[in-house]
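Take a look at these structures.
Here chain A shows up in two complexes: once beside chain B, once beside chain C.
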Partner chain A sequence: MKLAARLLRAVISLWLIVTFVFVALRLTGDPVIAVLNPDDMTKDMMDSYRKLWGFEGTIGEQYLIYITNVMHGNFGKSILNGRDAFATVMERLPATLQLIGASAAIMILIGIPVGTWAAMKAGSKWDALVMSFSTFGFAIPNFFFGLLLILVLSVTLHWLPTGGTGSPLHLIMPVITIGVAKAAVFTRFVRSAMLDALKLQCVTSARARGLSGARVLIRHVFPNALVPLATILPLLVGGMISAAAVVEAVFAWPGIGRLIVESVAQRNLAIVQVIIMLVAFVMIVTNLLVDLLYAWLDPRASAAAAN
Partner chain B sequence: MLQAALASSWRNAVKMPLSVKISALWLILCLSLVGFAAWLPIPEKNTLDLMSRLLPPVGWGGGINHLLGTDELGRDILARLISSMRTSLLLALCATLISATLGTTLGILAAHFGGWVDELVVGAIDAQASLPFIIVTLTITAFFGSSLTLFLIILGLYGWERFARLSRAMTLASRGRGYVLAMQTLGFSWWRIYLRHVLPNIASALLVTATINFPETILLETSLSFLGLGIQPPNTSLGNMVGFGRNYLLTGWWMCVVPGVTIFLCTLAVSVIGDWARSMISRT
Partner chain C sequence: MLAPSVTHESPLCIVDRLTVEVIDGLARKTVVEDVSFQINKGEYFALVGESGSGKSVTCHTLMNLLPFPAATYGRIVVDGQKVLSLTPSELRRFRQKSVGMVFQDPMAALNPVRTIGSQIFETLRMHHPKAGRDELRELALAALRSVHIAQPEARLNAYPHQLSGGLNQRVMIAFALLGNPPLLIADEPTTALDMSVQAEILDLMDEMRAQRGLAVLMVTHDLGIVGDRATHIAVMKSGKIVERGITREVLAAPKQEYTKALFEAAAVNHELKERPDHAYGAACLSFDKVSKRFRTSGGKSKGEVVIAADEVSFTVKQGEIVALVGESGSGKTTAAKMAMGLVRPDSGKITVNAAREIETQDVGVQIVFQHPKDSLDPLMKVSAQLHEVLKVHGEKDEAKRAAQISATLRDVGLSESILDRRPSFLSGGEAQRVVIARALLLKPRLLIADEPLSAVDVCLQKQILDCFKALRDKRGIAILLITHDLRIVFDIADRVVVMKSGHVVEDVGVAHFGDEARDAYTKKLIRAIPGRKLSDLNDAAPPAGPRSVSGAVA
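Up next, the complex of A and B:
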């Protein structure tokens, strides 16, 4: 029952997004002119496209045809080269996944040890230092951080290429830019989750039983801190697409982030609508999985909801 | 009572940590530069001086005429920086006010009416929180083009869900409180109770939320302007200054470092003050 309600809510969210895009497309005027380039087309061709994409008839009929097309992965063609929009986006997806995956790894590798350490030393000057760095990481604009890295590592020291793709070296700076900034946010979550877990009675009693510090940490603190962390982590990783849009543009990284920025500048609406729907789909599914994960990790949550 | 409040806020001001004092001083400096720009002895921001192109700032070989150096057309960077600060800070301030007003109103309405109104607002909060905002912004810009008004509206939508969530929760919590029950019993209208009694009680929490929202709005605005999709020339924002300076990393690093550092220091200062304010509130 609970699962059905959550699935229904996810489907409604998806439907809202598709409807939003449909309304926005209609508000921009003639969708065929907006998506295609009228200079290259005769009137007959445009009419045939109108018919093909269902831009004829009443608004209700158009809406139904639009939804059918979306479900079939038919999002129209890029105005730049006339290629299928969906295929164009899918081609650029692996580069972004690579970037986000590597950044997520950096975020976790920094966030968990540093956050745990800060929580164990809570109130000390080390804790204050970690928190200050976290504030720094939160405040620095990622495009400027990326440019500083280029300035130091590429322009001055000539160690790394300024941008583009082709070797693992190209990945280093974009990954540092996203990974370190997100690690600043994640460290705070880890610290506060650990602080909460350290206050639990089972931890106090484990200490009282004389267990070693490391054992208490691994057997009692980590499992309790894991629940809030496991639920926030997928959302943080999903949210990296925002950072990727900016950082890919800085480093000329050929992913969907740079694609959406270019497409917005060219008003290449077919591409933009594929990307927004793709991102919305991924985020909605992620949210659904996080809900289920949470219920599975912490049976108290679903028990409380059932009462 | 007012005197007591003033005295206690003065005592708090003296007790502020050094980092908070420095942050406050930095913000005061920025605001005075923006406010008194017209009376400062600096060149006009659009004056071209092709003889003194790409001059470095003072301390890196530059002269006193151009404290922060010049750009590729010999325009004074300090003058451009002040004008950009005005745009970026003003936009972030207006956007935060819009977002706070919208979010708080929706939150209180949701808490008051409950039922399907509540469902609708909570659903919208969830949807907004789960979508990466910059992608939504890019999509809206693609559909409707970029104009200053639309840009301000988009920025004003940023973070409304945070205010809504907070005000909804706090309004729900305040309904059981004695002072609200007393007002209800005395027959005061709901809007009066919310406006005069509930709102002042949640104001400090909303203000702290604003100190989180404000720096994030600056980051969003400068990111979009950096990408060339926000503030358009001839207007300048801290973001599009970094964007243009990017092409001169080899010959004039200060063109992008000066505005970049300024963004960083402004967001940092507001965050530091916000963190401190939050710790003060949670202590009492």
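Up next, the complex of A and C:
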């Protein structure tokens, strides 16, 4: 598929998401009533508030104004303090990126070696042990695991701060919480991809040529196992973002995850819209990259598209 | 226990009382039992047997390359090394220098995500650790040239999927010979290739053998392939060698019933009889100038037009078996799909039962696919699958359905005991007959069989062919048989239609097909029949190649 067609599709996806979120947020209750108590207000005050924050008129009229603003790069203002919603979100983004980046590193550093090892020992006691830990890792809820860590490492042992930000120490527990949970899932994916790749005839044939075990693994098994792994990448990125929302709340981490939880509770619609749009944008870009990555990893992919 | 050797050199490969047990948890299953043979330098040793006979396991054990956990007993000495007791580094060296291996599916045996060049350099670097870039490149090109690959420079940058099966197998042979080993193991090297390419690959292996004094261990289920090439032969069945000796002697007077059955399956039927015209009824399927083009939808070749059928005309009459022959890509499967009403032709007319033009699928036309196990639902018992067909077509009375099913099973030579089984408990031959029975339940007048025998063992093929013959002779069913195997054609077809690149290049009664094929392509196909020289061999013509009796044990 041509790049232009892909981009067009990405823009359409983004537009659909923006529209859906806009409508859904406005159908789930009058945002003004959630902020102002109608018993204490005159109708005039309510109306002027509506006008101020763009909640005036029918949903269709509001939508037209909103979409025009968005196209001009104006994403609305935070209902809390009147600051630009986009700037507010961007301020909190680095903290989340830090968290997700570090968690992804943990996931890869644990998942690839352990998954590979389990695949090579498939059916053994070690394999069973790894699989049990993996099940434990993704069965335990994030918030519970996080609280458990706080209880042991902060409250009992006083090694780490319970939450907040400011030093590398603050990062440790949130990253372990997300990283270990995602590593548990990723290990399984790596194991099954490696198991399939190990069974390939070309691996036997590489061994028959007398290549060393390490070389067979790195140059023949890995490249083939990466192909299915690439396709689950967007899934993992999406999972990390939603895990961040919970974990940031548990550890009082000042990222966009916590921001969206708070903003939904406050019905701070502009902020919610910006964050969802941002997440959607990240997912769309990830998918685009994976498509390109896939074609690069597997030269057969473009040939298959031709048939 | 081994016969005294007449040569003074010690044999290149000795397999002595080899037993292999597959370990599955606590259970052990013997797949190779007490197998002994030896191969001398320069010999061409064929290990023949049907799938599951243990021949592949034997040759994988020769390189200590079994893909599953197994226990091995006995002694294997290849090129002076005790294979089963080598350390990992000795084993690597042994695989590099002493034995080369060629596999069944060359596309799968080459890494699909890396270029041919990167894989060949990787192997060459092992053999020439000090060689520079340019030197490696020269070595790689020389290796590709030695197996007659044209434009070797371009092939280095190609991925396996961009080359044909035949070219990939040449690349594999080049790979296997990079270390100049004295022994080449070939595990069904032509089974996955088109027929006209098979002979080329076998010829190439002969050439390599003559050039380098290479010994070849050929593993195959097809006696036809080895009859005119191998110096020695061993027949395996259920993990044991049941017969062995010098090829010529074994072929002339097989001692075992099993060997005879293998021969018969591989031999070409030379007693072709033309059946009288009144044996056939009215036209049952006719193609009248049918054309079909496909346009490829993406990638580099986007928009290219593929001609699957170009003014194709032929007729199948009631009670006639017509063989549709051609290589993959010749359009024969598209023709079958059009006859089924699954693909609509661009132009031309297809008539079924001399009546109406095909609009959609017609119950009067049924199809039998290549892989019987894939066309049966693995979770359903045979009886449920057969009942389902009748239920869908409105037969509500269970007793009537059961009666019809048992009658049909009798027609295909199956007992009713298979009704309670699931497909995994059926042999390949049984499964294919169940598929045929399922097709017959709707009382079709035309049966289309798409490569119905290629997934079935040689010994079982005869049962299925007999079943087709009986259907034709007793029930007057017309059969359109799609195949690439001309031996099957000679065995049961009444008429042969040869297709190439969407054209019908030959349409002739089978009696006149062999002797005076008019089309050049048909001639090439007939020349490529592997078993063609079997009869010459039986006339005691000595096989080519070095001769010694040491491989034969009385």
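The working rule: the second predicted complex is superposed on the first by the 256 of 307 C-alpha atoms of A that agree within 3 Å, B and C clash if a C-alpha of one lies under 4 Å from a C-alpha of the other, contacts with A are read in each partner's own complex, and residues count from 1 in each chain.
The criterion applied here is as follows: contacts are C-beta pairs under 8 Å (C-beta built on N, C-alpha and C of every residue); 3 or more make two chains touch, one makes a residue touch a chain.
As the structure is a prediction and not an experimental result, all values here were calculated from the model.
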Item to complete: Could you tell me if A:Ile232 is touching chain B, chain C, both of them or neither one (first, second, both, neither)?
Response: neither
Worksheet item: Is A:Val155 touching the first partner chain B, the second partner chain C, both, or neither of them?
Response: first
Practice prompt. Considering only touches as defined above, state whether A:Val261 meets chain B (first), chain C (second), both or neither.
Written response: first
Item to complete: Look at A:Ile284 in the shared chain and tell me whether it touches chain B only, chain C only, both, or neither; answer first, second, both or neither.
Response: first
Discussion item. So in the superposed three-chain picture, is A:Phe138 touching just chain B, just chain C, both, or none of them (first/second/both/neither)?
Written reply: first
Worksheet item: First (chain B), second (chain C), both or neither: which does A:Ala245 touch?
Response: first
Worksheet entry | chain B versus chain C, judged by how many residues of chain A each one touches | B
Worksheet item: Which partner does A:Met120 reach: the first (chain B), the second (chain C), both, or neither?
Response: neither
Discussion item. Quick check on the superposed pair: does A:Cys202 touch chain B, chain C, both, or neither? Answer first, second, both or neither.
Written reply: second
Worksheet item: Is A:Leu293 touching the first partner chain B, the second partner chain C, both, or neither of them?
Response: neither
Worksheet entry | Interfacial residue positions of chain A with respect to chain C in the complex | 1, 199-202, 204-213, 215, 219-220, 223-224, 227, 297-300, 302-303, 305-307
Discussion item. Residue numbers of chain A touching chain B in their complex, please.
Written reply: 9, 12-13, 16, 21, 24-25, 27-28, 132, 135-136, 138-144, 147-148, 150-151, 155, 235, 238-239, 241-242, 245-246, 249-250, 260-261, 263-265, 267-269, 272-273, 275-276, 279-280, 283-284, 286-287
Worksheet, complete the sentence: Interface with chain A, chain C side, in the complex: residues 63, 65, 67, 88, 92-97, 99-101, 103, 105, 108-114, 122-123, 126, 159, 161-162, 172, 175-176, 178-179, 296-302
Worksheet entry | Complex contact set, residues of chain B against chain A | 19, 123, 126-127, 130-136, 138-145, 215, 219, 222-223, 226-229, 239, 242, 246, 249-250, 253, 256-257, 260-261, 263-264, 267-268, 271-272, 275
